[in-house]
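Shared between the two complexes below is subunit A, which has subunit B as its partner in the first and subunit C in the second.
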Partner chain A sequence: MLDTAYRVEIPGGIHLEAQVVGPIPRIFAFTIDLVIRGIILAALSIASIPLGLDGVGGGFFLILLFVIEWLYPVLFELLARGQTPGKKLLGIAVVNDDLSPVTLGSSLVRNLLRTVDFLPFFYLAGVVTMLSNRHFQRLGDLAAGTLVISIAKSAQAASLEDVPPLAPVTQLSRSEQTAIVEFLQRSAHLSQPRQQELATILEGITHQAGEDGVERLRRHGAWYLGMR
Partner chain B sequence: MKQHEFEALHQELWRQIDSALENPARADNTALLAEHYLSLCRQLAIAKERMYDAALVERLNNRSLGLYRELYRYRAETRLNFYAFLRRDFPLAIFRHRFFILIALVAMILPGLVAGTWTYFDDEAIYSVLDGSQVRHMERIYDPEARKIGREREADTDLFMFGFYIKNNISVAFRCFAGGLLLGIGTLLVLFFNGMFMGSIAGHLTRLDFVDTFYPFVIGHGAFELTAIVFSGAAGLRLGYAIINPGHSSRLDSLRQAGREVVPMLYGIVVMLTIAAFLEAFWSSSSSLPIAFKYSVGAILWILVLLYSFSGRRHESR
Partner chain C sequence: MNLDKLQIDACMRSGWQALDLGLLMARAWFRTLFVASLLPMLPLAIALLTVFWKSPFWALFILWWLKPFWERLPLFLASRLLFGERPAVWSSMRSLPLKDIIPWLLWRRFSLQRAFDNPVTVLEDLKGRPRRQRLRVLHGKYSDVALSNQFVCCCFEWLLAFSLVALFDFFIPGSFGIHYYDGFGDLTLTGEWIFTLAAILSMALVIPFHSMAGFALYLNRRIELEAWDIEISFRNIAHRRRQRQRPTPAQVLLLPLLVLVTALFTAGTPGYAEAFDGHERESAAELIEQVLQGEDFGQERVVRKWRFKDWSNDAEEAFPEWIIDFLAWLEAHQEFWQGWSGAASWLKILLVALFGGLLFYLARRYRGPLSRLVKSRAIEDPAEILFGLDVTPESLPADVPAQVMCLWDEGASRAALSLLYRASLSRLIDRYQVAFHGSHTEVECASLVQARGIESLSEYFWELTAVWRRLAYGHRLPAGDTVRALCDDWTRELASDTE
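Right after this comes the complex of A and B.
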């Protein structure tokens, strides 16, 4: 099964979970960064003309060319919480494999080794490596012990004020109760027929089918949530 | 406690945490963040234990992750202690990479010596390594008549050349390091070709009797540049070796371990190549200084670099 969940025990004694990110968003992020780098370079080359291209301006330009070529990702990953501008737009970030923020050493290693991920052309080695391990790490990530996770915002809880709670007649186990609560929470994202289909399966509990079954189930959910 | 009650109880704290995470710049109160973080960890554990619904657990998880990343940023930001690095960490890393340094040195010097001897005795040999225009370029920039040595156009200023050397030399070193991931082969190739080019150029220029321009030019910055290239080779070979011979750990763990150990070498290489670029641009190119003086300074720089490179052993704990 393809499971993008990455679990790690962190100080605090709990297991945190993050979703690792596959090649597609990372390629988008990289492309956005490439465009940004291009714009910066164009701006810099224009800015260094008045300083003299074979003098101070040229020297300055070459140093910045070096910095942008090799250190652009390192600078952003360190100063902007693991996010280059492209990664920020895509809602993804680089972290160490314990989910802590990436450090200078690991960022440097993963970005210098980009050269090898790029081989033989267009990041083929990197993408193949990403697809052949569980956490979508490219070669540089494997050596640096880093991964790219999604830090998209979690959805807000649905408003349930209009559901009058109702105690169910049957005694249910904890996991069954959780399933009914989750049905209530997600019902906004499910189509009417699908909801009815699901509710009909539980006719033994709600003693109602179809539309009424859905309503019953939602009210039981509200009751299990502890609404009074 | 039912979930609804639980959510109502902690709503206010969660709102505070969310707004702190949205404006991390304003949330500079680390102690408060840490306190929030601990409460949040406890709540997440409780929510999981009581089997509250998945959406709530996910929201708590993401909040905890956000705070965790915020709190541990302080570790990530820990300032590098540059003095301690130069004094202890870098020499120690050099000492620990000594076998790889030896291999990298041989991989660069051997082809250099062979190619150099060949081009010294055979007038045509240089053309097997470089093409005609490159040879003419080399002969021109080390021409004893030149006012500035080592440059195509005499108009190029020292600052321009400084930028040029930074970009070129550090890129070569980085590529040499990265090639190590290909089981060390990439690194060996970079070392081999660099050694061969430098050797054949030195041999050819010696044959042409450009001795008084070429050697005083290269001796000064060479101390830093050649050593740093060998170090970058050693760091690359360390990665390759970690994959080839992982010992008792898995290849992946072994590679990660190597990835951590080479970091001080990488910092050191950047420092050394920056010094080398500075010397090459502002010192080596001068043709007005007496040759004996340039040789003496060059020799002193070599001795200092070598003494420094051998100073790591005493920091190794026994």
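Right after this comes the complex of A and C.
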């Protein structure tokens, strides 16, 4: 089963799940960061003109260039919960591969190894490694034991619909109940024939077909949602 | 469409996550999809390159322009792979979908959401007005994501070609005339050829990822609009209910039998739970504790290794006082030093002292890890009892061979040979420091002796071991002459110059 989910079990038997993020959003995030860095550096180079570009100002600028080029991602990843500004805009973040917050060591390693990922040009090595493992880790991520996950809030707030609740006759497991609740909440986006088609599958539970089956299922959904 | 065989996890995803899923699909089916995108391209590529052999960029341009066509076979195969089928590339190629190809190669060539729109043409087979309506439904909120996919894949395709050329260039001595900084300003014909081949390869490499990302986005939209995930869950519920209601034939046959058998057996015998005695558990725990305390568990060994002397255990982390004192003293006598040889000189001394102090501090601070660099060697106490025989030198009589012969003549053959063997082991430990261990067998002991490399000694000991084993375990007496010979040799091999 192909899936972007990344699952870990932490000590204590708790299962955590996250969605890994592939190259396309990460390339955009990188480009945004590149632009931001470019703006900062342009401002700095203008600021260092009064000091003399081939004198103190030039040295000052080169030192800052070094610091910004190498430490910009590390700084943001540590201080902004694994998100550089570009990553924040795309709703993605760097975490350790046990889904704990990224640490100084791992952030340093993954960002210093950008040099290797860049080889031979334009992050070819990085993209190729990302596409050759399941969790889209580039070489730096593999070395540091980190991965990039999606932390965008996806679910739109579901409105409670005005449906009279009805207790189902059959007892269902939790995942099965969730499916019926989903049916209620997403039925607004489904066409009428499709709703009936879906409801017909569960005729054994609702004992109704067609229009009535849909209505019955929606009422069960409302009951599972707690409107009793 | 049989959703039970769907190879992807159908659930609600954001557009970006759908793209990632597409890349995973391309990764999983990469070999098939790569072959499917390269194979139709090859004959035309060869023909075009033969025609335009002096300006291969024209061939590349035509191949690139026909890209919507090359994307169709991978997409067609993926739609089969998605439901767990294993389509053959070769046979699918004959039914290469040509639907609606003209618009795709003319004005729709400029479409910015090609990978997303392609399935509607290739798989749903819609044209004209129905196609436009369908696309309006599908696009929805995903237009920007589809656009991003197109943009990134397009850029990456050309960067990949460029990188491949550069990579090739890195590995040949000299260059074939690439000027990295002004694009590909003026290439030689060789350079053009290499770039063209790299671009064709990179096109075939990127097509699977690009079209799968678009396909996944299309699937995501359909999952959303048609609630595939809910259908799968509902089918599972219905399936489980049916199974619960309808017992299998085996159940029908076995159930009465099982009830009967269980009834028969549970009638007479007491339950297992009653047989358990709580006291046994406590005493068992004690016993286990006792056994674990015994000699057989755990080993003591003396390990000797290098380490730094322990000057101040309690203030391990503190910076040594005397360096600070020394620096203070240097500072206090600043004028003196200045008067003596100028500021630079005392600064130098200060720096050297600081550096020395730092080195010393580091050596002390990290003495643990440093001492680990020095190879440590474990030295074990020599064994005292082997095979139940006391092998300490003190337990031996003064003249072993004489004692052995005496015992032999008395008829205590076992005692005689065991004394000889024991004495040999003792001498080997004492004189040759052979590292016998309580767990070694006789043969292992002999091998250890052989490993010492003294030929006559090892020969003698092998023979003695053989004689001893035959007597000890096989109860077969050696001839008197053999014993005598062994005694004589013992004097030569093991007794001679020790006293």
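Following the convention adopted for this analysis, the second predicted complex is superposed on the first by the 199 of 228 C-alpha atoms of A that agree within 3 Å, B and C clash if a C-alpha of one lies under 4 Å from a C-alpha of the other, contacts with A are read in each partner's own complex, and residues count from 1 in each chain.
The rule we apply is simple: a contact is a pair of C-beta atoms (placed from the backbone, for glycine too) under 8 Å apart; a residue touches a chain by one contact, two chains touch by 3 or more.
Because the structure is predicted, anything quoted here is derived from the model rather than measured.
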*After lining up the shared chain so the two structures overlap, which partner does A:L190 touch, if you call subunit B first and subunit C second: first, second, both or neither?*
second
*Please indicate which partner A:I63 is in contact with in the superposed arrangement: first for subunit B, second for subunit C, both, or neither.*
first
*Partner, of subunit C and subunit B, that touches more residues belonging to subunit A*: B
*In the overlay, answer first, second, both or neither for which of subunit B and subunit C A:Q171 touches.*
neither
*Could you look at A:E182 and tell me whether it touches subunit B, subunit C, both or neither (first, second, both, neither)?*
both
*Does subunit B (first) or subunit C (second) touch A:R134, or do both, or does neither?*
second
*Figure out whether A:L113 sits in contact with subunit B (first) or subunit C (second), or with both, or with neither.*
first
*asked:* By the touch definition above, which subunit A residues appear in both interfaces, subunit B in one complex and subunit C in the other?
replied: 154, 175, 178, 182, 186
*Provide the residue numbers of subunit C that touch subunit A in the complex, in ascending order.*
7-9, 12-14, 16-17, 19-21, 23-28, 148-149, 152, 156, 159-160, 162-163, 166-167, 170, 209, 213, 224-227, 229-231, 233-238, 241-242
_In the complex with subunit B, residue positions of subunit A that touch it_ = 10, 12-14, 16-18, 52, 54-56, 58-63, 65-66, 69-70, 78, 81-82, 93, 95, 99-106, 108-109, 112-116, 119, 139, 142-145, 151, 153-155, 157, 174-175, 177-178, 181-182, 185-186, 224-227
*Where on subunit B is subunit A touching in the complex?*
1-7, 24, 37-38, 41, 44-45, 51-56, 58-59, 61-62, 64-66, 68-69, 72-73, 75-76, 80, 153, 155-157, 159-164, 166-167, 170-171, 174-175, 177-179, 181-182, 186, 239, 252, 255-256, 258-260, 262-263, 266-267
*Quick one: which bits of subunit A touch subunit C in the complex? Just the residue numbers, please.*
1-5, 19-25, 27-28, 90, 120-122, 124, 127, 131-132, 134, 136, 150, 152, 154, 170, 172, 175-176, 178-179, 182-183, 186, 189-191, 194, 198, 201-202, 204-205
